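These are the structures, in structure tokens.
Heads up, the next two complexes both have chain A, just with different partners, chain B and then chain C.
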Partner chain A sequence: MATLQTRATARLMMSPAVILLFLWMIVPLAMTLYFSFLRYNLLMPGTEEYIGVVNYQYFLTDPAFFTALGNTLMLVGGTLLITVIGGILLALVLDQPFFGQGIVRLLVIAPFFVMPTVSALVWKNMLMHPVNGLFAWIARTFGFQPIDWFAQLPLFSIILIVAWQWLPFATLILLTALQSLDGEQIEAAEMDGAGVFSRFYYLVLPHLSRAITVVILIQTIFLLSVFAEILVTTNGGPGIQTTNITYLIYMQALLQFDVGGASAGGIVAVVLANIVAFFLIRLIGKNLER
Partner chain B sequence: MARAVKTRTKLTFTIIGWTIGFLIFFPILWTFLTSFKSEGTAIATPPQFLFFDWTLENYHEVQSRSDYGKHVMNSIVISVGSTLLGLLLAIPAAWAMAFSPTKRTKDILMWMLSTKMMPAVGVLVPLYLIFRDWGLLDTRIGLVAVLTMINLPIIVWMLYTYFKEIPGEILEAARMDGASLAKEIVYVLTPMAVPGIASTMLLNIILAWNEAFWTLNLTAANAAPLTAFIASYSSPEGLFWAKLSAASTMAIAPILVMGWFSQKQLVRGLTFGAVK
Partner chain C sequence: MGSITLEKVSKSFGTTTVIPEIDLEIDNGEFVVFVGPSGCGKSTLLRMIAGLEDLSAGRIVIDGKDMSNEAPAHRGLSMVFQSYALYPHMSVYQNIAFPLKMDGQDKATIDKKVRDAANILNLANYLDRRPGQLSGGQRQRVAIGRAIVRQPKAFLFDEPLSNLDAALRGNMRLEISDLHHQLQTTMIYVTHDQVEAMTMADKIVVLNAGRIEQVGSPLDLYRSPRNVFVAGFIGSPRMNLIEGPEAARHDAATLGVRPEHVKISTTEGAWKGTVGVSEHLGSDTFIHVQTESAGKITVRTDGDFTAEHGQPVYLTPDAPRMHRFGADGQAIQRT
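Moving on to the complex of A and B:
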């Protein structure tokens, strides 16, 4: 009897959050899906009509889509590569006892709290500027020709900025995982004569594997929608060299006012993200059972 | 002998650790230093590191921009407002899930998480149109609503993992002693839940403060928070490094400090409890 009452109360307590979140998810998504089958441009009001999958055909056969898809994959892949490898190395260092460890830890996680527009503009101007930037000065000091980062390596420049923002995240999670490693196991392996590398390869790396998976999946979700960094540095250019899927759809929607086309693109982006999400949800769900 | 080796290793790691820490932190330090330079010194070659005429002029100038105070207020209202609203919705939900779980609790949690996976750009068009038609574009209320919904799954998840750690035996003990449900909540559960709620709040203010998709796309002049204010420094004619640095320093300093305090909760919050 008490349980029935409790259950009703519990349902009542959950319902506002659940209902609002449900509406938040389903209403706009349904609208996007609906718009994606329409010819609908805000500059030509009153001409909306059902045109089937034409928007998808246009979006998916547009050469810009493939460039943007490639850029998205490069951006996600490049950033993951830097942050995961860098994160493992950093976590290994931070796990050793040394003087001022706590302060160094604070320094290392700091970039994560810097808003994307700030980090992008600071890097673009004060560090990567081809004439007055600090990198240019360093290059000239050592007798090299300074790199014009955003003209010569635009996508790589953005990858560097994004990687700097996400390295702390990877480091912090891997460090947390590392600290739960059994010290006795390592000592035993050491006594048995295992070297640094075999200890790392056979003990540390397997222990970290789950944390690495979590880092990769969560970062992928966020990295698929990198936006502000591109907006304030390159506007997707030069040409469309730094346009990712998110930015492509943004341009179609808010600069060309092509509601139909942008909606079709939006659905494509949702499908892409869902492929990743599927694995992430399964991983976390498995963890919840334990 | 062994001790000497240990000390030497420790010293080596001290050098490696501090070097890496310095390099990673450098862009922030550089921004901080540049904010005290004159515009001329800011772009000087070779760069001036410490020995220049320190000036507070940039801070005065940024703050005297008529719209600066408004953007700060917008950031505060939007981040704190969306966090409080999110807590209001999430505390009862997480509470119910943690203390009277049913077979479906796990499914609901996973479903909430899945809404977080939806890319913002997938719903950009309809949301923009809804905002336009309802007159919500460039309003604080509109942004508070959007950021609340965006962070709600994280808030529920974080609270859930915290509430889950409150042992049920304590509740039983309180009930045995004759405490009513209301007393149980006020005297037993709330004190145990406060730390979890506080860290959830902290992390979400940070996330909302730095959110830079919706704040850039749904605001123009009136409701634009600091993310958008800083973005206005991206135009080529607006490249005043010293002022950009001063504005940036003020925009990130409070959040950086909060972030340092919440670093332990960060991992739990951002991995949905998958790594603790």
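Moving on to the complex of A and C:
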């Protein structure tokens, strides 16, 4: 009896927090859903009316949508590629004992603490600027034509900046995973005649697979909604070359004042994120079964 | 093929010397056990032979070739680790096949060798499982399987049975001894358990603080320990070591007599004492007696002997089987 009562009390006590969190999530979602079926433009107040799926039609047939979708996937994929490979390499290096290890580890983690707007500005004005940037200076020193990063390679530049921010995260997770690898296994492989690369391929990589999955999952969630870096550096341009879904929705809502269209875009983004999440969860589940 | 010679091998980490110069000869086909208390350097010595630790000085010669600076894989030895060090994401088959695959052998040969090894070790039904799905004894066998497929010149075992329960340990001890008779390959086995050393070894190397105290066959060590350390370490229960006037009476600093070489009687004997704890094992009884002249003595007697706690008894040591040690701890030769 006591346990039944305790359980009931526990539920009662928990309910305010749970209800608050639920409302916190469901109210904005419901309102977005509601707005997405309205003609709702901030320039024409008072003319809101139900228009069915027209907003969705416009958003999904907009040629910019497919470009933005492609850009989003490129951004996520490119960043994941750089951070996972770079993270593994950095983790392998940082796992070796060397002088000043503590300081170096701290410095490697540092970019993660810099907020996205600041790091994007630093990259834009101090590193990638075609006249004043460090990269331009290096190029000129060696007698090359400096690259105008945001004009010539806009999406790649954004990927570079975002990857720089997320590399520490990947490194940190992979380094801790690496440190939990049993030293005797490596020694056994050494005695079995496995060279450095075989040991990496047959022992280290499988050992890291779970950590890599976690890195991919968490980063994907955050990378789908990259915004500040684009706003600060390219404003989605040139043209729409660096516009991802998040930025496209922002343009609809706050540059074209089309709240209805933006809401429809938001719902589309939620659906897309869920599709991605579905595949990721399956990937994780497969990896955790081992 | 598998003789190993250590010549003036030593090892130090920074300023601490773990192993001062050691010379040791291991013949082909021998089962050699390194035994000693924990921290005596026996595992380090094994790892040096394996090539996992560098030598600070000296030479390791395997089959007449100087292997001191050779990589572990090129020494032709295989090792079974204390934690087994199986590859957790590979099946039993892949684990056993791994050294062959690294050696670049073709699939058919690998398959045959793996299945042969699995048959020897009773693993044929488990080849598709992962190490996580096996019991301790089975994992142990997989580790041994991975070692034997390479057909090494010698096997190195680093306390392989210490993670198993007592019954399984007894079984695996027999299996490893059996394996040695089947394969006739040199084996070096590290343990801190003197029972394992006594039961399995052709030759025991007793180590203490990195030094070799004595090398010999199990019965050699049992019958004529060269010093107090070996006397106290080999044999179970421990040899009684008597100091003081009773030892001086026999012209020794320390007098050693094994529990099985003391007669106990309720009526007459050399040392009078009272019974403390009696341990009844069924076949034997160990009786701890507090004597007046010789201190605490453990006696091994047959299982039928019963003694009350506090009962007065008399002990008589078997004089020809007593061991006398000088003040430096070395044995004094019988004249």
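We take it that the second predicted complex is superposed on the first by the 271 of 290 C-alpha atoms of A that agree within 3 Å, B and C clash if a C-alpha of one lies under 4 Å from a C-alpha of the other, contacts with A are read in each partner's own complex, and residues count from 1 in each chain.
Methods note: a contact is a pair of C-beta atoms (placed from the backbone, for glycine too) under 8 Å apart; a residue touches a chain by one contact, two chains touch by 3 or more.
These numbers come from a predicted model, not from an experiment.
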{"item": "Touching partner for A:A189 - first (chain B), second (chain C), both, neither", "value": "second"}
{"item": "Which superposed partner A:A10 touches (first chain B, second chain C, both, neither)", "value": "first"}
{"item": "Touch count on chain A, higher of chain B and chain C", "value": "B"}
{"item": "First, second, both or neither for A:Y202, with chain B first and chain C second", "value": "second"}
{"item": "Touched partner set for A:A228, first chain B, second chain C, both or neither", "value": "first"}
{"item": "Touching partner for A:P111 - first (chain B), second (chain C), both, neither", "value": "first"}
{"item": "Contacts of A:G100 with chain B and chain C, given as first, second, both or neither", "value": "first"}
{"item": "Chain C-contacting residues of chain A that also contact chain B", "value": "none"}
{"item": "Residues of chain C that touch chain A when the two form their complex", "value": "50-52, 71-73, 77-79, 81-83, 85-87, 89-90, 98-99, 102-103, 130, 146, 150"}
{"item": "Residues of chain B touching chain A in the complex", "value": "9-11, 13-14, 16-18, 20-22, 24-25, 27-28, 30-31, 34, 42-47, 89-90, 92-93, 95-97, 99-100, 102, 106, 108-110, 112-130, 149, 152-153, 156, 206, 209-210, 212-213, 216-217, 226-228, 230-231, 233-234, 239, 241, 244-245, 248, 251-252, 255-256, 258-260, 263, 266-267, 270-276"}
{"item": "Partner chain B, residues of chain A touching it in the complex", "value": "6-7, 9-11, 13-14, 16-18, 20-21, 24-25, 27-29, 31-32, 35, 90, 93-94, 96-101, 103-119, 121-123, 125-127, 131-132, 134, 137, 141, 164, 167-169, 172-173, 176-177, 210-211, 214, 218, 221, 224-225, 227-228, 231-233, 245-246, 249-250, 253-254, 259, 262-263, 265-267, 269-270, 272-274, 276-277, 280-281, 283-285, 287-289"}
{"item": "For the chain A and chain C complex, residues of the former touching the latter", "value": "182, 184-185, 187-195, 198, 202-203, 206-207, 209, 290"}
